[in-house]
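Structures follow.
In what follows, subunit A forms one complex with subunit B and a second complex with subunit C.
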Partner chain A sequence: MSTDASHEVRPAADTAAGRAPRNDDAGQQPGHKGGLRRKGLSERNRPLWMLIPGGALMIIIIVVPLLLGIYMSALNLDQYTLRKWISSPFIGVENFVEAVTDSPLLHAVWLSVSYSLLAMVVTLPLGIAAAVATQNAFKGRALIRSVFLIPYVLPSFVVATVWRTMLQPGGIVDEALATVGIHVGLWLNGPQTFWTLVLVQIWASWPFIYLLALSGLQSVDHEVHEASALDGALWWNKLRYVIFPYLKGPLALAFLIGMLHHINNFTLPFVLFGVPAPADVEVLPILTYVTSFQSFRFGLSAAMAFISLVLIAIPLFVYLRAVKLDDAETPGAKK
Partner chain B sequence: MSTTTATRHRAPTTDIPRPGSHRQHEVLRLLPNPLLIFVLLFLGAMVLIPLLYIFLASLNSDIGVANGEFWPSTVTFENYSKIWTSVGLATGLTNSVLVAGATAVVSAAMSVSTAFVLVRYTFRGRLTILRGLLALQSVPGTLMVLPVFVLFSSAATYLGIQVIGTQWGLFVTYLTFAMPFSTWVMVTYLRGLPKELEEAARIDGASNLGVLFRIILPLSWPGIVVSGIFAFLLGWNDVLFASVMTRPESQTAAVALQIFGASQEGGAIPYYGQMMAAALVCAAPVVILYLIFQRYLVGGLTAGGVK
Partner chain C sequence: MRFKSTTGLAAIVTAAALALTGCGSGGSGTGGGGSTNADGKVDGTGKTLNVLVGVLPQYPEQQKQWQSDIAAKFKAETGADVKFETFASANDELTRIQTSVVSGQGPDIYGLGTTFTPTAYATKAFVTLSEDDWKKVGGKDRFNQAALGISGPDKDHQAGIPFVSRPFVMAYNKDILAAAGIDKPATSWDELAAQAKKMTNGDTYGIATGYKDNYDPWKFIWAMSVQAGNPLVDGNKLKMDDPAVKKAYQTYFGWLTEDKVVDPASVGWSNSNAVAAFASGKAGYLMMTTATSIPTLDKSAIAGKYEYTLMPTIAPGETQSKSDSEAASILSGDNLVVADYSKQKDLAFAYIKLITSKEEQLNYQKTFGDLPANAEALASLTDPKLKPMADAAAKSKATPFTGAWGDIQLALLNVTVQSVPDLAAGKVDESALESRIKDAQNKGQASLDRASKG
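Take a look at the complex of A and B:
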C-alpha cells in the first residue's frame, strides 16, 4: 500500500492505542499532521448519509431489542402475558434472583466456561502443529491446506447431524473403538455428553487456530530462518525460542475469538443433543433457549441472557483493547 | 527483496543456498520429516475419515448405518431422491437460497458504502462505530432471539406488519447480523486500496457517489464477494432464528434438517441414510463456495476472525 495512506492513518491509530477515550474520534483533531490536502475533502461534503441504512438496521434490530431484553428481564413474562407484554407485571430483580439462586444458570456458566476452555486447550496444539507442518513447501501442500480448513467451513448443523449419527449406540464410532477393545458407553446421553460436546467442538474448530497460527508463521522473516539454520539450532529449540514468539500475538487473538465462539455456540449442542438437552451439556445458550421456548419463562430467560452478556463482555473487552482499529494489519497482531 | 541483500552480504563466507533451491526448503523446515508426516497423516485422517463416512453413509441403508458399517453392504442412491420431500429439502433449500442470497447481495452493497465512508472520511464517532462493528460480531444470538421475536410480534399487533413466519423476518434479521462483519471485511479491504485513483477522479470533478461507483466498486469486487459470502453463510448456517421465526413453508434447509433429525428419536431405525444425504447436500454449496474463493476467504477469516 502507499506510504501516503499509512501516514494519514497513523495519528488516529495513536489515539486509539493511547488510553485516552476522549480523543477517540479522529475528527476532533483536524489533522494538521495528517495532511492539509485532506482537510477540505473530509471536513466538507462527507456523504455521511451512506451510514444511515446500516445504522438504522443496527438500531432497530440490535439496539432496540437489546434494551427491550433488559426491560423484559424485569417483567413476569410467560406465554399468557407475552402477547400484551407491555402491561405484564413488573417484578424488578426477581428474575435475576431466581436465575442465580433457583435455576441451573450457575451450572450452565460453569459448563460453558469449562467446555470452551477444554476445547481451546486441545485445539491450540493441534492448530499449531498443523501450521508448523505445512509451513514449508512440498508437493500437495495447497491441497492439504484446503482439506484442513473443511471442518471449519462446514455448517455447524451439518457437523452436529453427522456426529450425532456417528456417535449413535452401536454406530460407526462404537464399532471402530470395539475393534481395539474400547467400550465407551453412551455418547449422546448421560454424564459423558460433556466430553462428546468438547470432542466435536475440537473437531470443528481447530482449523481456525491453524489459520491464525499460519498467518503468524508467515510473518517470520526469511532471515530468521536462515540465521537459525546457520546457528545449527535443533528443530525443537528453533521452534521454542525462535518461532513461537512470533505466534504469541495471533494465538492470543485466536484464543479470545475462539472462546467467544465456543461460549456463544448454540447450534452445535442444540442439533447434537436436541432439547431438552442432557443436564451435562445444558450450556448457557441452550439453557436460555429452553427457558424461553420450552418452559416459556420469557422474563427469566431475558435475565439469563443478560447475565451471559456480562460473561461475554470480559473476553470481548480484552479483544477490543487489543485490536488496532485504524490499521490495515490483522487486528490484534501487535506491532 | 531483503532476502537477496542478506544473501549477497553473506555469500562470500558461507554457502547459503539460493532461494528456490532444494536446500532452501530445508532452511524453512520446522519439523523433522517423520514427525511432519505423522502430524499430516493424523490430522488428515481426522478430517477425511468423517467426510468420507458422510458420503458412504448417504449411500448406505439405514440398518447398515445403525450397525456401524463404514463400507456400505448395499449401495443405493434412493436416499438422494427421497430427501426432497421427506426432509423437506426442496422447500428448505429454496428458502435458504432466497433468504441467504438476498442477505448476501444487500449486505454486500450496504457494507461497501458504509465502509467507504468509514475508511475515506474522518468524522466524530468514527472510531466508536469501528469498535461497535467488532463488538456487535460477538453479541450472542441467544441473547437477541427473544427480544427480536417480541419486537416482530409487536410489529404485527400494533402496526399490522406480519413478519414472523415469513422469509422477510429472517432476511432482515440476517442482514442486520451480517452487517458488522461484512462491513469490517470491507473496511480492511478498502484500506488496502491505493488512494491515488480516487484523488485523480476528484480532481477531475467526480462526486462522492461518482468515486464510489466508478473507482471503488470496480476495484473492490474481491472484497465485495467475500463480504457477500460471509453474509450468505450466516443465513445458510443459522438454526436459532430460523427455528423460532419460521413456519413449515418458510423453513430453511438448516431447520428442516434439524427437525428431521430430532423427529427420528424413539421410533424404529432412524432414516440415517437420508440424514447423511441431506447433510451432504446442505454442506455442498458452502464447501464449493469455499473452494472457489478460498484465497480471498482465508484473508477475510483472519481479518475479523469470525466464521
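Take a look at the complex of A and C:
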C-alpha cells in the first residue's frame, strides 16, 4: 500500500515537481527571454539603424564640407577659378605656407588664444562667485538668477550692437566716464579694441560659467553639507576643500567649451568692429572671413580654417582623454 | 537710419554665418525649360524667369508692388512668369553666386552693384553680350554711355547691362552757407576746406562725413587720386604709392586734424551718422551721399533748406582739373547680368529689355529715386533736385575693371581704419601713414598679380 501509496505519491510529486519546474520555466521563460533581450539591447543587436538619420545629417553637414574644405585648402581657388572649382589648380601645401608665412594668421592665432584665455580667466571667478551667492535660498533669488542669465540668452549680434552703440566716440560710456574725469579714448579702433573685445566677451559669457558652476553646486549631496557643518568647517575651508572639488568637472567642461566658443566667435568682433577690423582684433574667424569673402581667396581661407580647426582640436582632444580616464574618480565628474 | 543699418547688419551677419558654416542653400532649380523662340517676340508661355535683386530696405512695400506690376507686364508680353528673390548684402549675394556658379543652376538674372561687377565678371559665370545679345535688350545705344563704363573690361567684352545709376553727390545747407557769406558751393577740395572753416562754429561743423564708414573713405581717396591724374590701376601695376594718394589721405584726414572742420566724434561715424548730423542742421556740407538720402532729409529739420551739388572735381592742391574726365563720383548704381548657365537667356534678355525701357525706367525712378540708365529717360528728367545727380551720373568715372578691385578697395579702406586712432588723437603721423599706404600697395599689388594670371 505504502509502496502503492508512495508510487501514487511519486507520480503526483513527480508531476508536481515536474510541473513545478515546467511552471517555473513557463513563468521564467518570458523573464528569461526578456533578460536576453535586455542584454541584447546593451550588447548585441544594438539598434544601430537609429544612428542613420543623425549620422547622415552629420555626414552631409559636417563631414562632407570638412573634407571639401580640406581639399579646397590644397587648391588655388579664387574668384577666377571658382566656376570650375573641381579642376582649379592643385597647389598642395602652398596655401598653408602662405597662410603661415605671408599672412597675419599667426598674429590672429595669438590674438584669438590670448583674448579667449583672458576672458575665461576673468569669467571663471565671476561665474563661481555668482553661483555660490545664489546657491542658498533668499528672497528674490529667482529674479536674480533670471537676471544673471540675460547676457547669455541675448543673441551675440544684439550684444555686440548694443555695446557698439554704447562705446561709440562720445557715446554713453564715454560720457559716463567723463563725469568722473576719466577719458579712455577710442574703444572701437586702435590698440584698446583688444580690451574692448575681452570686456564685451566677459560680459556676454560669464553666465555660462555661472550656469555650469550652479549645476555643479546642486550636485553636492546634502550629507556633505551636514558633515562639514558637523566637522565645524569654516566657510572658506568648506568651499575650498569640500565644495570646489565637486565643481572641478563642470568647470573644466565650461572652460573648454568657453575657450572653443571664444576662439570661434565671429559675430562679436564682426559686429563690434566691422571689416576691415582694426589690426588689434583681427582674430582668426575675422581673418578667415575677410580672406574668403572680401579677397575671395577661398583656398587660402580654407587652409586658415583648417589650421584653426587643428588649433581647437588640441584642447578638445586633451579634454576628451581626460574625462574618459578619470570618469569615476573625480567626484564632480560623476552624477 | 540707425535701425536700417542695424537690420542690414543683421542680414550681413546672418548671411556671413550661413556662409561660414557652409549652410548656404543650393541654388533653386530654374523653372521652365525647353527652347525659346528668339525671332521677334520671345514666347515664354509656361516658363518662369528667376531674378535675384538687392533688397531696398527703405521701400519694402513699394519694391513688392513694383515687382508684381512688372511681372504682370512681362507675363502679358511673353507669357512667362517672373519670380523675384532678394539679397540683403553683397556677401549674401556672393554666397548665392558661389552656389549657383558651382552647381550651374540658380537665378537667370542677377542685379549687381557696380563695384561688385568686376568680381562677378571674373568668375566667368555670366554672359558676355554679343552684338546680337545687345540688340535683344534694346541696343547699346539706349543706355547712358557713361553707365556702360563698368560693364566689362573693354567695349567688346561687356556682361553688365546698366539698370540704374546712383551717383554720389554732396548736399549743402543753404542757410549755413549763406550765414558764412558763401554764395556758391565749392568746386575744388581746397575751396571746400576753406569754406568749411568759415562755417565751423561751436557745435556746427563745415563738413559731415563718417570716417568709420565701410565704403566712404576709399571713395574719397579714389576720387581725389583720379582727379590728380592717377586712376590707381595702370595695367597690371597698382599705383597706390603715388604721391597723389598720400595727398588724398592727408586732405581727407586733414579735415579733422588740421582744418578741424568735422565733428571729432565722426571718427566713429558711418555715413548714416553723418546724414543724421547734417539733418539736424549741424553741418554745412554732407559729403558722399546719394538720392537715397532725400526721404530722410525731407522729413528732417532742414527740409527745404538743403540742396545737392557735385562734389569737388579739382584735386587737392590744384586749381583746375588735371584729369581728362572730371570724376565727380565713382560710377555707381546697379547692373544686370545674365547667368551663363541659364537655359532661357532670350527670355532673360526680353525681361531686361522691358525694365530698361524709357517708360519703366522713369517709373522706377519715381518710385525709388534711382536715376535711369536709359539715356532718353535720363535726359527727360526735369526735377531740379535731380539735376546735380544727373550731372554726376554723366561725369561719373568707373573704378578699374579688375577682379582685384575688391582687395584694392579693402586695402584703401584699411589705411583709414588703422589710422582712426591717430585721427582721434588729432594727428596722423606722416611716416605711419606712409607705411600703411605701402602695406596697402603690397596687398593690392599681390591681388593684381593674381588677377593678371587668372
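Simple rule for what comes next: the second predicted complex is superposed on the first by the 267 of 335 C-alpha atoms of A that agree within 3 Å, B and C clash if a C-alpha of one lies under 4 Å from a C-alpha of the other, contacts with A are read in each partner's own complex, and residues count from 1 in each chain.
FYI, contacts are C-beta pairs under 8 Å (C-beta built on N, C-alpha and C of every residue); 3 or more make two chains touch, one makes a residue touch a chain.
What you are looking at is a predicted structure, and each value in this text was computed from that prediction instead of being measured.
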item: Touched partner set for A:Leu186, first subunit B, second subunit C, both or neither; value: second
item: Which superposed partner A:Pro151 touches (first subunit B, second subunit C, both, neither); value: first
item: First (subunit B), second (subunit C), both or neither touched by A:Met259; value: neither
item: Greater subunit A contact set [subunit C / subunit B]; value: B
item: Contacts of A:Phe296 with subunit B and subunit C, given as first, second, both or neither; value: second
item: Which superposed partner A:Gln79 touches (first subunit B, second subunit C, both, neither); value: second
item: Touching partner for A:Val271 - first (subunit B), second (subunit C), both, neither; value: both
item: Subunit B versus subunit C as contact partner of A:Pro285, first or second or both or neither; value: both
item: Subunit B versus subunit C as contact partner of A:Leu105, first or second or both or neither; value: neither
item: Common interface residues of subunit A - those touching subunit B in one complex and subunit C in the other; value: 61, 65, 69, 82-83, 85, 157, 161, 168, 170-171, 266-267, 270-271, 274, 285, 288-289, 292-293
item: Contact set on subunit A toward subunit B in their complex; value: 1-2, 4-5, 9, 12, 15-16, 24-28, 31, 38, 41-42, 45-48, 50-51, 53-54, 57-58, 60-62, 64-66, 68-69, 72, 82-83, 85, 126, 129-130, 132-138, 144, 146-158, 161-166, 168, 170-176, 203, 208, 211-212, 215, 221-223, 225-226, 229-230, 235, 238-239, 243, 253-254, 257, 260-261, 263-264, 266-267, 270-271, 274, 284-285, 288-289, 292-293, 298, 301-302, 305-306, 308-309, 312, 316, 319-320, 323, 325-326, 328, 330-332
item: Parts of subunit A lying in touch with subunit C, wherever the complex brings them together; value: 61, 65, 69, 78-83, 85, 157, 161, 168-171, 185-186, 188-191, 266-267, 270-271, 274-279, 285, 288-290, 292-296
item: Residue ranges of subunit B touching subunit A (in the complex, touch as defined); value: 2-3, 6, 14, 16, 25-32, 36, 39-40, 43-44, 46-48, 50-51, 53-54, 57, 65-70, 110-111, 113-114, 116-118, 120-132, 134-136, 138-148, 150-151, 153-154, 157, 172-173, 175-177, 179-180, 183, 188, 191-192, 194-196, 202, 208-209, 212, 233, 236-240, 244, 254, 257-258, 261-262, 265, 270, 272, 275-276, 278-279, 282-283, 286-287, 290-291, 294, 298, 301-307
item: Of all residues in subunit C, those that touch subunit A in their complex; value: 6, 9-10, 13, 16-17, 19-20, 22-23, 91, 94, 98, 101-102, 119, 122-125, 212, 214, 264-265, 267-268, 403, 406-407, 410, 413-414, 417-418, 420-421, 424-425, 447, 450-451, 453-454
